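The following pair of complexes shares a single chain, subunit A, combined with subunit B in the former and subunit C in the latter.
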Partner chain A sequence: MDLNFYAQLLLNGIVIGVIYALIAMGLSLIFGVLEIVNFAHGEFYMLGAMLAYFLTVNAGLGYWPTVLIVVAVAVCVGYVLYEALLASMRGANFERSILLTLGLSMVLQNGAVFLFTTTPKMVASSLSYSNILLGGLRLSLSRLYALGLGLAAFAALYLILYRTRIGKAMRGVAQSRDAALMVGIDPRAVSRLAVAIGIGLSGLAGAALAPVYAVHPLMGFSFVFKAFAIIIIGGLGNVSGAAIAAVVLGILESLIGGFLPLVMVDALVFVSMIAVLLLRPQGLFGRGVRV
Partner chain B sequence: MSAGGARALVVLAALAVLFAIPQFTSHEYVLALGVSFAMFSVLSGGLNLVYGYTGLLSFAQVGFFGIGGYAAALLVTELGWSLLTGAAAGGLLAAAVGLVIGYSSLRLSRHAFAIVSLSFALLCLIVARDWVSLTRGAMGIPGLPAPVLDLPGGTRWRIAQPADFYYLLFGFAVFAHAVIYLVVTSRLGRAMRAIKLNEPLAQSQGINPLAYKLLAIALSALLAGIVGGLFVFYLTIVDPSIFDFYYTETMLIMVIIGGPGSFWGVLLASAVLAALPDLLRFTTDLRMVLYGAVLIAAMLLFPSGVGGWLQQRRIARWRRPQPASQ
Partner chain C sequence: MLKMRPAFVAAAFAVMASIGLVQAQTGPIIIGASTPLTGGVAHFGQHARWGAELAIAEANAKGGALGRKIEIEFQDNRCNPAEAVKSVSQMLAEKKYVAIFDGLCSSAALAIMPLVERAGVPFIVANASATSIAEKSGVGGNKWTFKVNPTDASMLDALSGWLDKEGKAANIAFLGEDTDFGRAGSSGLEAALKKRNKKLVMVDFFQKGTADFTPVLTKIKARKPALLALYAIDADFQNVIRQWHSLGGGVPLTGRVLVDQVPKEIMASGFMDGTTSVQPYDPSVDTPANKAFVEAFTKKYNLPPMLISFESYETINILIDAIRRSGNAGPAAIRDALAATKYQSILGTTLEFDANNLIHNNAIIFRIQGGKVVIVGMSKT
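And then the complex of A and B:
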């Protein structure tokens, strides 16, 4: 087995891991700030990909305008979602917010099946077929762009969380809601922004992966399974923990997937989640904040 | 007559009507609705035990249901076990899996349990589809034989007609609800409710929450596994669609509408919603959109379900100041 093969698997794994990270970080951010597990998170990834498909294929837009529009729409949807549904869940118990987002996921997913049918759609653009060679490694341009978008989103999220006042407020609310309230942080503004960013990241993931994989209404469902495992492994509410766990998982998946049947990969995800829960329940990168 | 006596009469009358249905009609559609009601009522009753009484939101019921179905189908077809031992083994396997999941995730929190139970249900679907050497993949195991039961007294009951399956599942559902009823009305049920209402307080009264939570999970998994084992023989096939999220969503809606923690409310909601496909003759996709919308509306407007809402009204009536007597 030549080294190139491993390097190729590694590279593919990093790309997919970065996309997992986009979804898992949003999920983890929303959980950290609102204490709501957003069961509809995968559906926003699916809707992002669907919108990207329609913008590219039906409206004939190019790659970058598509990505921009999808992210802008996703951020707006995040605001609306918070104001219309999630804001009233403040102080409600955890199960109620889960059931609410589960209901939303059922509406979005089955609505998409009804409107668009389950036939996979391909976003065939010139990107999907052009490759670049990196010293013997082949990387399609669409994957390279996905990687770049993912890394840019990491950087932007880092800057927001650690270099702006609102980001600091967000971390404050995640650490202690009561203490944040006492020092005059408005939890509503912070929560709204957290949801908007989380949904925006999901939409971005959808737009970035639309040219790589087929687009269909059930795509969010299988993805969110991994995202949940990732946020448990990374520590519930820990955004950077989720990012690291996601990239590692993407790489492992790709390496294992090169040799073993796919079912082993999914089983690995689940077994590692259970192992983390048994050995280190606060997550590998848990931050000691009560969940 | 006391309220309890009236309720007992209503229940007996309902059982008599349900028992008599196959005598009046052999219409397959009616019997299919009956089988579906029996099956869903056991699933939603188990979910009610875990979520409604003990306060643990679980998405794993469908996993237990499917594990029971696959285990029973494989044991009967590959190893020649009888239906009852196969279904019982499926139920026990499901209960064992439930204990593993519950034990590992409840050490962290209820939240982790909810997430892990969902991942578990999705994992079951993936394993059933992709572990081809055991489960035969997406095609499933078709052509399950009509089971034969040896009844006491030497008669053999060949379960082949829809009416036979109706009685089989009806009988098991009555048994399962009797078990659930005994649990929720006993000390066990009170302890579970105490844990749901205030876990630290329950703990300070000497209740070990983990033990009761695991008991609720294991019992609901056992019942779901057995009903899965029986149901696949009615379908005559088991394939990965037995793990479909549709079952989870339907049983959740039944519990939410009926009112979590209300035994009769959930049972009644199961009956109504099992018959609902007849009233809502549009495609499954639209029905699930509607169920999702109902779930959202219920969470925004009546978080304690119809049963809980009625109970709140009853309490409000008690609290209403009595007109001052002269």
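And then the complex of A and C:
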């Protein structure tokens, strides 16, 4: 095993971690502001990838227009989702929100099976099969783009949350909905925006990863459960914590997968989650304050 | 009047029972099927359904069997043994099915076997390839299970013989899904290589539905095997191939590689050249019956058949042939007729079940050369 081998594992791990982060950040944001665990989050990622597939293959659009359209559609879906289903949900309705999002997940997944069939679809653009060489390391162009989009999304979300008034309002609503209302913040508008951004991020993940992975109705399943573990490890509702936990787990998974049987890699994330719950129940980056 | 009532009721029952008997003997002959219609391999389940339905439509166009129409009713098993048990238990309880078809996944088929044995209903396996299905059938114990497609062990023996002849059977790594299918592939290849004093240099399994294979593929690449034996299907197969390509590969594939499902861009690039695969079927097999099947399938479903569609088509035809020879479409008579099968395969061979209720059709050895798939030979399984 030479140095290239370790460097390739590290590079793979960073890319996988950023991909996890892209999905986990939206989930964490929605939980942080609304205290709702969105079990349908993986399905919005899948629908984003499906839309990207049809825009690329059927409409012949390029990568960037596809990403922009998918994100715009996902943000709109987020608005509608909040107003139609989530507006009446809050922390007190935790069980109802689980049932609602779980039901929504089943409807979306089976609806996709009915409409698109389970045949795996491959986005076959020039991007899908172009690889770049960095010394002895190899990375597909589509993964490099996904990496860039993931980092850009994290930076943008961080700036929104910590450098804008709306971000401050989101953090305010996350800390105390009633107190936020007393100082003139409209919790409904803030929550609606949080859901729109959260679903927009899952749409972005779908569009970015459609050229990377096979697109099919069950593709959300493999990521969303890892995303749940990641947001618990990072600290429930802590977006930055989720992003950092995702990248660390991605790297660990890749390094361990390079030496141990692959089936043990899947166990890693959940063993880590259990360890964190036992040793630091608020999560690695949890400070008792969400978002 | 009151005294006549018991006699009247008895007569009414007798009339109703005779109507039921007549309907049972003149109504449709119904086959029950359990296959994944949702879940990770539903794509294959759909092809299994299409192949079976085409065979039944063709049989009904020729008058059905024993003067009755043939029907098939599907239940979803999601490629999950628990769901397979649930679906088949329900079908067996209804007592209207003359035989149970498939299961598709090896784990599902193995779970169905004890149920059909208890109920005394024939179970005919079209697609599940685990060697243990045949080992447990016929003289192996379960007289009601019949397996039409070759076992992994027999196909991998044929493949290993071919690779050994070309001096390529040493230094093979294995990557397969962590199911009965993948495990049977690993043990089958291990046993076939052992016969030739060779062994696998590396074995790894993955959970079905895994999206990212880059860690294990990086590990395999670093070990520099001569060949990588792959046991993956559906989306898993697509993800492995694409990621193997992005990592530069450098090692030809072998095993049950779905050569017809490799993305055409990767195939045309020559990246897969040197890949040697074994499968029970390819649409390009040049026999008149296969050409007619491919044409009929493509016309009906607007896409060409694949291995699963062929296996289901041929298996249902074998079952229909047995029903016709059974004389009364009773489960025991169908079982006995199946055991006495002599069926002309659309691939040109005559098929018979052995003592383990297993058919030994030819396996096809494929090679990818110059970005194209070529059939390099056939080998008895």
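What we mean here is this: the second predicted complex is superposed on the first by the 285 of 291 C-alpha atoms of A that agree within 3 Å, B and C clash if a C-alpha of one lies under 4 Å from a C-alpha of the other, contacts with A are read in each partner's own complex, and residues count from 1 in each chain.
Going forward, a residue touches a chain if its C-beta (ideal position, glycine included) is under 8 Å from a C-beta of that chain, and two chains touch if they have at least 3 such contacts.
Please read all numbers here as calculations on a predicted model, not as lab measurements.
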item	value
Simultaneous placement of subunit C and subunit B on subunit A, clash or fit	clash
Which superposed partner A:P120 touches (first subunit B, second subunit C, both, neither)	second
Touched partner set for A:A49, first subunit B, second subunit C, both or neither	neither
Partner chain in contact with A:F259 - subunit B first, subunit C second, else both or neither	second
Partner chain in contact with A:I14 - subunit B first, subunit C second, else both or neither	neither
Touching partner for A:Y213 - first (subunit B), second (subunit C), both, neither	second
Which superposed partner A:L100 touches (first subunit B, second subunit C, both, neither)	first
Touching partner for A:F223 - first (subunit B), second (subunit C), both, neither	second
Which superposed partner A:N110 touches (first subunit B, second subunit C, both, neither)	both
Common ground on subunit A, meaning residues reached by subunit C in one complex and by subunit B in the other	110, 113, 221-222, 261-263, 266
Contact set on subunit B toward subunit A in their complex	51, 55, 57, 100-101, 104-105, 107-112, 114-116, 118-120, 122-123, 126-127, 129-131, 245, 249, 252, 256, 283-286, 288-289, 291-296, 298-300, 303
Partner subunit B, residues of subunit A touching it in the complex	37, 39, 85, 88-89, 92, 94-100, 102-111, 113-114, 221-222, 225, 228-229, 231-232, 236, 261-263, 266-267, 270, 273-274, 277-278, 281-282, 291
For the subunit C and subunit A complex, residues of the former touching the latter	38-43, 46, 178, 204-207, 209-216, 218-219, 222, 234-235, 238-239, 242, 245-248, 263-266, 269
Footprint of subunit C on subunit A - complex, ascending	1, 5, 8-9, 12-13, 15-16, 19, 110, 113, 117-120, 122, 124, 128-129, 131, 138-140, 143, 212-214, 216, 218-219, 221-223, 253-259, 261-263, 265-266
